[in-house]
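Should a chain be cited, it is by its letter among A, B, C, D and E, assigned in written order, with residues numbered from 1 in that chain.
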Amino acid sequence: MPLVAPHAMTTPGGLLLVLLVLLPFLGVLVGFVLGAGNARRVALVTLVPGLGIAIASAAAQWQSGAELVYLLGGWPTPLGVALRADGLSVVMLVAVAAVIGAIGIYARADFTSPQGAPEARKPFTFWLLLLAVWGSLNLVFVSGDLFTLYVALELLTFAGVPLVCLDGRGETLRAALRYLLFALLGSMLYLLGAALLYGAYGTLDIALLAAAVRPGPVAWTVLALMTGGLLAKTALFPLHIWLPPAHAGAPAAASAILSALVIKGSWFLVVRLWFDVMPGVVTLSAAQLLGALGAAAIVFGSVAALRQQRLKLLVAYSTMAQIGYLFLMFPLAFDVGVNALAHGAALDGGLLQAVSHATAKASMFMAAGLIYAALGHDRIADLAGVGRAMPVTVLAFALAGIALMGVLPSGAYLAKKLMLDAADDTGQWWWTLVLEGGAVFTAGYVVLVLVSVLRRRPGALPLQRTVARSAEYAALALAVSSFLLALAALGPVPGDFVSNPLAFGELATTLLVVLGGTVLALGLARRPIPGDASTAAGANVSPLRRMAEVAGSGIERADLRIRGWAVASTSLLLLSGLFGGLLFYGASP
Amino acid sequence: MNAATLFGLCAAALAGLGLFGLIVNPHPLRKILAFNVFGTAVFLLIGAIARRGAAAGMGGDPVPQALLITGIVVAFSATAIAVALLLRLFDVTGRVSLAEDATADVQAPPGEA
Amino acid sequence: MVDFLLAAAGFVLLMVALGLVRILRGPGDADRMMAAQLLGTGGIAVLLMLGAATGVAAMVDVALTLALLAAFSSIAYVRAADAALPHEGGAERDP
Amino acid sequence: MTGVLFNVALAVLVLGLAVWTIIAREAFAAVVGFIAYGLLLTLVWVQLQGIDVALTEAAIGGGLTGVLLIGAAARLRGIEAAPGAERPRNSLYWMAGAVSAAVTAVLVICVLALPDPAPTLAHEVALNIVDTGVANPITAVLLAFRPMDTLLEAIVLVFALIGVWSLAPDDSWGGRPGPVQQSDPNGILAYAARILPPLGIVIGIYIFWTGADYPGGKFQGATILAAMWLLLMMAGLSEAPPISRGWLRVGLVAGPLVFIAIGFIGVLTAGDFFGYPQGLAKPLIVAIELALMPSLTLVLGLLMVGAPQRVAKL
Amino acid sequence: MSHVLDLLTVVAVAAGGFFFFAGTVGLLRFPDVLTRLHALTKADNLGLGLVVLGLLLQVDSVLAGLKLACVWLLVLVSAGSVSQLIACRARRSAQGR
């Protein structure tokens, strides 16, 4: 994608970017004043024009084919600050607006304060924070200045932390504090990098820096520190210290926000840094390391997910695996010819992956939350009969799961396809294995859940309460959009990418993925799977199963160790060092 | 050695110290303190960079100095939230440990919400 | 004159810095707070002298701000310590 | 020469206090060390020719942050003995030391590798500051060249306040924040709280007013005002208002709202969001600062007081 | 004339420095909280007071002089009350324990 000339002017449609950032913030401020039940109304009212503006900015960007730029106050960079939106930004803007909208509809019934009653804490906080997260994310997507991005990151953290402990119990407070401290460490490392960049190049503007940055001690340090800090905020393995506990106690809607949206902010910044600010500083080995962390995240997260007994935590750990997926594109996008990261099919794939994950994961958390609300628990082993009692919810979960597996015509399918092609083109066959393996793992935990919810149950399922129809359909809508994303994305991609879903090859792949997943689920799940005779018998456990058990519990213990504070923060710095080293050695001829 | 370099090097040392404290001190309040030390190290580095950019009759580059003011405010807000969270954690649980409760989130006993 | 003021500023800084040993040694919280208090006053004096030496008038504003706020942490300490002693009838913790 | 020696002494002291803050055995002693560290940093900023920053540090580092941390340390007195399970083992201790030292080493290399002459935007600021009408370059950067950061900073504070409030117990929502302050109206604290605030308010407003042309500004001024408010509250002469009060809510967000409104007026009059029409730049900048000042004062004061803890009376 | 003023400044500032020295020594050497507090207030009041006095002789505008005096006044009030508070606190905690 072409970089703008340093002294770019404000382009038509640039004001949309200002509106995109300020509208949600205005919503927060107005909702704050109106308080009581009005916070919800303000939030829901803000959602509609917000989505509209996001779509309008996307249309403007596609029409002009170039970046949208807005110079704030009319001051040109480097003195002033520019807002910019390229293709990446507008896709994320629209996706986030859609997911926020769905979460808003979903949470409508959960977070209400009745008219006349005194203002209540949870609804007030939730609705304001929903808008706060949205505005902060929009700012991350459109800001063209590294320091403004730092403030955006902090805004995102401050909006995310109270969501973790909305519930107010001890363990959620502890999780929130861990999250806060780790995220603060991450953003300070980011700021350290930004400071050094200013010291070396005298600007914080992304476009100007892109033209100026040369490999050297400062650039290597900056990229290493900033990447480390941002990965900590993204919760990429092994820096996922806060992710599982944060999701354990947060309300489902908050989990959906945290997992589908908040982590995308720092992920997006990693992409910006590597692809747009310092593509020439990146080396192949550093990109491989980033991909390897992603692969490790897939394995760890998926195995841990399979061993969870609570649906919510299963979805939380699967988030960890999906985060890994988002980093697989980095080695694939490395252009050996020019020795730099390049925009191209791999990046498109990664972006698509991010969007489909945002939609599907939000939908899964919503479905899990609905099941919990209806049953009063979410123990996977006791979910029999849910399929019949809550068909819409289960359909949403299933569709979201299938979409994540990368089955046609889901967005993840196209993403996988794009990345597989990139892997073929660049001759990195090992990433093909990881990509397919990831799909198999995903299939594993989706099958695990579906098998339990679809089981029959003697007698009617005792439901604690009925859930709101609108909430169920919000989850379903997100799942469907994730499932059909490939169709929407057909425009920019050549038609021959999407093959006939009923062709033998496609069917066979899908079947293999599901089969592989089933085997994994059988092997690794902690609880005996219903109908699995070998464990039901108890005594004669097969050696294979025992081995899987050992491996599974081993990974689980390692996970706990890795998530210890001291280990995690040390590994954060070690990783930064490793990145720095790889950048340094890769650069020397 | 001029002031900018001197305090730039001082910032480098402070950064290491702050990170070390953040990693090894188990008490959350000490972590908050260490975060603040690390934060001031970063700010000091920006200050040194601003001083290096002295020109046009100004004692320092005003842009990074302005960023510093914003940065200090943001760090203060972070400290305020962290302290409030810590005190609330103490009120609710009577403890201030950040360690996860005996793997509670990995093996939630059935029946517990 | 400039050199004298700078030297005097350095001397005062050194003196109050020696007082910081009280922070290290304690033994009580009050002793530590006193050392911080001394550093605050010394810091104000240093600022005033630096301001006079370098001719930067705004340094007096910094000293003013410090003079207003430096004692604050000591006050907070006394309040919080009082509140922590239950028999003082300080803050009521909600159940 | 004297200057260099002074700076070296300052740097050594700052480092020494930082070491103490990190390694002190008791949390309380560490916090006191940190407060002293903040005071010395004020001097460092002065030596780095950042008077505006020094003012901010004096108000925040020497004032508010210290109060927050001392309060927390005093409340958690004695709790610190509980080690928690996360005390790292020896090997990890060394490892942490090694990576931290490595960060320091790398940063030293970077500091020494920074280009000479250093890149700077001072010339650009000097060229364009005339258009803004203000004489303090920092204020020009904060409110004319990079106003977005300043607006976001005000919004960060509001978010932080929402976050702090969200920690209230459900039944206290809407009530007064902070613990009940009982104090002797004839006590020494009440005496100080009667003498200092009038002076403090004058100084706070002075610092704010001078900010357009000399070091100072809304934020530093607001911090001083917030500190005076806090003093009144600590002395028991004034109570924090219940967080559901309408005037309080309006006051808290009025500043950012006015800021945004002036930004949009810029679209109509100057053609750019945050643009100022010719000749009106300085009045508009002062208007923004004037509007932000009360909001910042309220936000800072309430951030210090904490979440509502008392059951709301209806 | 200005030489005389300079000389006076030097004398006052040096005396102020001496009181800071005395305050520090007292803070370090005196045996208990209350006596240390006594030493501290000497530095607070006299040390800073003399320094301010010395610098007052050098100022060229009324506002600057006013600000200097204000600094001293503020420190007198706040440090004075804080010392009292610390003393009360020390006595109470001595009784309490």
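What we mean here is this: contacts are C-beta pairs under 8 Å (C-beta built on N, C-alpha and C of every residue); 3 or more make two chains touch, one makes a residue touch a chain.
Just so we're clear, the structure is a prediction, and the values are computed from it rather than from any experiment.
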item	value
Set of chains adjacent to subunit B and to subunit D	A
Chain whose mean Cα position lies farthest from subunit D	A
Pair of chains joined by the greatest number of C-beta pairs in contact	B-D
Farthest-lying chain, centroid of Cα atoms versus that of subunit C	A
Subunit B and subunit E, separation of their C-alpha mean positions in angstrom	33
Centroid distance [mean C-alpha coordinates] between subunit C and subunit B, Å	22
Geometric centre distance via CA averages, subunit E-subunit A, whole Å	58
For subunit D, residues that touch 2 or more chains besides their own	3, 64, 71, 73, 75, 86, 88, 92, 96, 99-100, 103, 107, 110, 114, 118-121, 125, 145-146, 149, 152-153, 156, 159-160, 163, 167, 169, 189, 192, 196, 199, 203
Residues within subunit E bordering two or more other chains	70, 74, 78, 81-82, 85, 88
Of all residues in subunit C, the ones touching two or more other chains	33, 35, 57, 61, 64, 68, 70, 75, 78, 81, 93
Interchain contacts, given as pairs of chains that touch	A-B, A-D, B-D, C-D, C-E, D-E
Interfacial residue positions of subunit D with respect to subunit E in the complex	188-189, 191-192, 195-196, 199, 203
Residue numbers on subunit A that touch subunit B, as the complex places them	79, 147, 150-151, 154, 157-158, 161, 165, 168-171, 173-174, 176-178, 180-181, 184-185, 188, 191-192, 195-196, 198-199, 202, 244-245, 248, 309-310, 313, 376-377, 379, 556, 559-560, 563-566, 569-570, 573
Subunit D contact footprint on subunit E (complex, rising order)	70, 73-74, 77-78, 81-82, 84-85, 88
Subunit D partner contacts - residues on subunit B that touch it in the complex	1, 3-21, 23-27, 29-30, 32-34, 36-37, 40, 43-45, 47-63, 65-70, 72-74, 76-81, 83-88, 90, 95-99
Subunit C-facing residues of subunit D, complex	2-3, 5-6, 9-10, 13, 16-17, 20, 28-29, 32-33, 35-36, 39-40, 42-43, 46, 51, 54-55, 58-59, 62-64, 66-67, 70-71, 73-75, 77, 169, 172, 179-182, 189, 192, 196, 199-200, 203, 206-207, 210, 214-216, 220, 223-224, 227-228, 230-231, 234, 309-311
